[in-house]
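We call the chains A, B and C, going by the order they appear; numbering starts again at 1 in every chain.
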Amino acid sequence: MKRVISRGSAPSPIGEPVPRRDGIAKVTGAARFTVDLSLPGLAHAKLLRSPYPHARIRSIDTAQARSYPGVIAVVTADDLPDVQLVYGHAVADHPLIATGVVRFAGEPIVGIVADDPVTAEEALRLVTVDYEPLPYVMTAQEALGTDAPVLHEQPGEQRPHRGFEEDIARTHANVCSHSVQQWGDVEPAFLEAHLVLEGEYRYPRSYAFAMEPYNAIAQWTEGELTVWTSCQHPYMVREDLAHCFGLDLSRVRVIVPYVGGGYGSKSYTKIEPLTAALALRAGRPVRLVLSIDESILTTRGDGATVRLRSAFDREGHLLAREATILLDTGAYAENSPLVGRKAANRLGGPYRIPALHVTCSTVYTNTAPASSFRGFGAPQAVLAGESQMDEAAAALGIDAVEIRRRNALAPGERPWPRARGLDADLQADLDLAVEAIEWDAPIEPGRGRAICISASDAGSEPMSTALVRVHSDGSITLTCGSTEIGQGSSTVLAQMAAGEMGVDLERIHLMQSDTAAVTYDRSTGASRTTTLMGLAIGAAARDARTQLVQWAQETMAPDGPTVVETSGGVTIGDQSHDWGAVVRSFFGGSAGECVGRGYLRKHGATEQMPPFWEIGCVGVEVSVDEPTGRIRVERLVTVGDVGCAINPQLVEGQDIGAAMMGLGMATREELIYQDGNLMNGNLFDYRVPRSTDVPDLRPIIAERGDGVGLYGAKGGGEGSLNPVAAAVANAVERAVGIRLREAPFTPERVWRALQARDAAGTAPDAEAGDASR
Amino acid sequence: MIPRFALSRPRTLDEAFDAFAASDGEGAWIAGGTELLQVMKMGLAQFRDLIDIKALEPLRGIHADGDGLHIGALTTHREIERSPDIARAFPGMAAMARRVANVRVRSTGTIGGNLAFAEPHSDPATLLLASDASVRLCGPAGERSVSIADFVLGPLSTAREADEMLLGIDIPAAAPSTGRAYDKIAFFERPAASVAVRLTIADGTVASATVAVGSVGEIPERVEEAARRLEGITASEEALSDALPAVIDALGAIDAVDDLNGSPDYKRHLAGVLLASTSRAALREASADV
Amino acid sequence: MSASLTVNGRTRELSIEPRETLAEVLRERLALTGTKVSCDAQVCGACTVLVDALPVSACTYLAIDADGKRIRTVEGLADGQRLSPLQQAFIDHAAFQCAFCTAGMLMTATALLEENPHPSRDDVVEGLEGNLCRCTGYAHIIDAVLAAADATPADVR
């Protein structure tokens, strides 16, 4: 592990690679995930799904299933008159079970609850549905055709305060949302430019493959709803459940045990409302566990077509960018309007661009719904932007790193008016990548290198709370609503509480993700937890310490001397007292507790959005096997520009994991639809990276204390994914002289491009893609 | 989720055939179950009765004699991978087995099950097709032997009658100075293309050859024209290199299936890449055997 | 059907339905939920357990076939409170994040090291090829397995 540290010092155990606090539980099999839980009387649900991509449901015959032995409840939309069926994050357009029409192959139509899952599955075969198939659209381009079938006759209701506040202008009936990012005047810039490049870049529809499939247990007791679920944002799920069932937020309890992978795919609400509806009708606690094949049909990543035009001057300075982004959001909006907003924001990259005009439409298609997925609009936009930077470098005869240096934003410089200035040093990041990938060293034939960078307006909204509860023995319970999804929040947040309270890490106990037992956090996504929940923990610790010092003064030294705060307690004269002693003294006995409260909102240091910029900086070296078209990433450098690595081992794990995921999308991963159906909706045919795909890795962590978080921390974990596809495309271009614009760069696509190159008689080292003019 | 079924565990062949007869056409044999249980889970096949043949002794064992190799149907991929007899008599088969699916499937999946299931991407079927292997089938009416070429009829379809069971595989001993090689290219769980080549050298020339291509067409198939173009060439690297373009060109006859692995011309191209490498490997082995 | 399963050294007599998988019996009947099911298609390796020392996919292995056999799961790796060298190496190297793959990784790696106590890096990379992990990018897992191998004295096993 390489760390480059130029930040101020931080208290122990900040910056130390302490072992994960969930370690023993996770290596012994003791760690409990939602799928491992059970309840007395637990019943089991299975779902009947549509075989058609678009159809009207004429009738559903459930009579036989209802009388099948062992069946407890059979539920269709008609069985739920008392439930608000339609929910949605940014736009409420998604019925929790099909209401008269199905909009993608795989949409749930009937839920059956039985004593055991096999019986439920058997009963599903007894249901007959009479469908009237409707014309369907599989791509955003098709969906925008003049005669295209319309998926949603009525626009879904826009939900306020969900992070997507702009007006949804329906330029076409199948447009779900439309975002614009704009400054300056692009047209004159294109007229004056020395070089204008234009190209279309495609990013695949993808699957996050969180290994724990979507699953939940719902239980109703005395009019209150408890849901255990494998999700990232328990408080948002709570809000949607309250909305569907007309409950006070205080009557909905969402509990999240360990989560078997998220990567954004478990952001927001998925199967929880349906599970709760099934439990409501069954009168029993109900478990719904989707298979991985069903999970693929539940949420995927947005596919993108990005048409990008860039204008440069003779020295390679960007003068303008203009882009049209189409995101294929599938049958329901889910969170794609925000993904679209972010894709538009992120297209500019970490560059100084005098004029920019980006429009991004999310478009309904008859495919599985798309939503958040690690990178969140950035990988889609960055493939276009960073590919074009290399194309420009080649056309202008400028080194590909040098052209980035000339355009990169300086620390503090604003990417767009009113945005937070860049909290990163991109020149220094590039230096690290250049050195590690040996940018200037000779390279063997058939290989190529590339370095790409990105900046994402990350962190989502600053809305977090935390409690620091100091007990009478000096131990501390930290409660916060952030979820442990594998990223290591349970370790890192405890490290920060220990650092802020000046106590040993072993004395911190963390409680997470139970909306009835811990206080609010907006979400666990957008790389926000360490930074934003960290600040809430800092505030809670400060609040506790302030009270404790005051208590010590009042009860331990009422007549002076002045109580002096030290690390982990107070000193009065020459006597030291730990926090526990102060608590005991205040309550005048052996018990009691001090509660420190921390609130974080859009205020003070976190008033300006985004809360931080998440930097991506990667270098790759690829080889191309010309006979088969197979690409192999041989070397990979990541620069984790995270301000302060609270736990460097975990930061490194995030960076490597993110980059490997990016490598999957760059080379292999793509959901393929044909004739209305998903052709590779299983792990046989959707191939994620394996141990044999791991390149020679050089993860670097850069700590300059320039983030808004505690000790100058800022978010990581997505940045190292975002530039990977572009880096691979650029490295392939340098290796064999082909310009790939459609990810994933599958062996066949590469082989065909090589064939075309040979047919055109271009030498491998010839420059410029066909986009330059 | 595996649907419900009844299971019987016969100890003898007769008990097994009785159990099958009692299943009224709703029965199936099960050994390792790696293919069968998977399709049952996916709802692609359903059987009321499964008859577990793992205890049947006549289906076990690997032995080599003058005729060649005899491999019991219950032999797992892992056992093939590690058998000293196979390592000696047919090293290419051990190498093939080492790369079937993954370590868990190799632990439980059997060669008999693999062939009887006739998955179009089967590694063993392609290799055995080029090796003139045959399968021994046994039914209530008795035993018969069928060449692999006649055994695999289509995707998931074989010449085995429903009440017949695959006893084992016979692989004839290779003639002197014979090389047999297999290789595949896989992008997903199963190969995108696989090629097996057998070459026999006599008097310094390739006296006879067999070429089998798997995963490209609907089923593993022999490409006779490619084999014919290998025959008669001088047994040297150079001569082979000169002949290869024409040999590979013969793959154009394959009716390739357009699937997730690629379009037909690309898959045929991959088979050509493999044919070049496997021909060279087979020639090396044959030459070393002189 | 009745069966006798020896799981992590303890023998249990069970009545098993033919359709029950080993994963279902371990998780639902024996409360050994450390073994996870993910792809349910023998691809991902999350459900890997050892049956008579061989790794199998418990999601597609009939429980009845384990009758009379010795089964090892992640819960059986530690000796009381003492973690196996491999488990310790996984903690030391942060070789997991969400850990849904971890039980399978540990069991596959345990079998690998029992057969080949001092593997090369390539042996480990190839040995783990059939086990998917979506969080870590594998690097820390490979490091952990190699470290556990180094921690095993050459004369043991």
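Note that in this section a contact is a pair of C-beta atoms (placed from the backbone, for glycine too) under 8 Å apart; a residue touches a chain by one contact, two chains touch by 3 or more.
Note that the coordinates shown come from a computational prediction; the quantities given were computed from them, not determined experimentally.
Participant: Could you compare the number of C-beta pairs in contact for B-C with that for A-B and name the larger?
Facilitator: Pair with more contacting C-beta pairs, B-C versus A-B: B-C.
Participant: Could you tell me which chain lies farthest from subunit B when each chain's centre is the average position of its Cα atoms?
Facilitator: Relative to subunit B, the chain whose C-alpha centre sits farthest away is A.
Participant: Let me have the rounded angstrom distance from the C-alpha centre of subunit B over to the C-alpha centre of subunit C, please.
Facilitator: 30
Participant: Using the average of all C-alpha atoms in each chain as its centre, how far is it in Å between subunit A and subunit B?
Facilitator: About 44 Å, centre to centre.
Participant: Give the residues of subunit C touching no fewer than two other chains, as numbers and ranges.
Facilitator: In subunit C, the residues touching two or more other chains are 19, 40-41, 43, 129.
Participant: Which residues belonging to subunit B are in contact with no fewer than two other chains?
Facilitator: Residue numbers touching two or more other chains: 3-4, 189.
Participant: Among all residues of subunit A, which ones touch two or more of the remaining chains?
Facilitator: If we look for residues of subunit A contacting two or more partner chains, we find 118, 683-684.
Participant: Inside the complex, what are the residues of subunit C that reach subunit B?
Facilitator: Residues 1, 17-21, 40-43, 45, 48, 51, 54-57, 60-62, 64-65, 108, 111, 127, 129-130.
Participant: Would you mind writing out the residues of subunit B in touch with subunit C in their complex?
Facilitator: Within the complex, subunit B contacts subunit C at residues 2-7, 33-34, 37-38, 41, 50, 52, 54, 78, 101-105, 107-108, 189.
Participant: Name, in rising order, each residue of subunit B that touches subunit A in their complex.
Facilitator: So the residues of subunit B touching subunit A come out as 1, 3-4, 185, 187-190, 260, 262-263, 266, 269-270, 273.
Participant: Which bits of subunit A are touching subunit C when the two form their complex?
Facilitator: Subunit A reaches subunit C through residues 17, 19-20, 22-24, 26-33, 35-36, 118, 208-213, 258-263, 291-293, 485-488, 649-650, 652-654, 656-661, 682-684, 688-692, 694, 697.
Participant: Name, in rising order, each residue of subunit A that touches subunit B in their complex.
Facilitator: 117-118, 121-122, 627-628, 668, 672, 679-680, 683-685, 687, 746-748, 751-752
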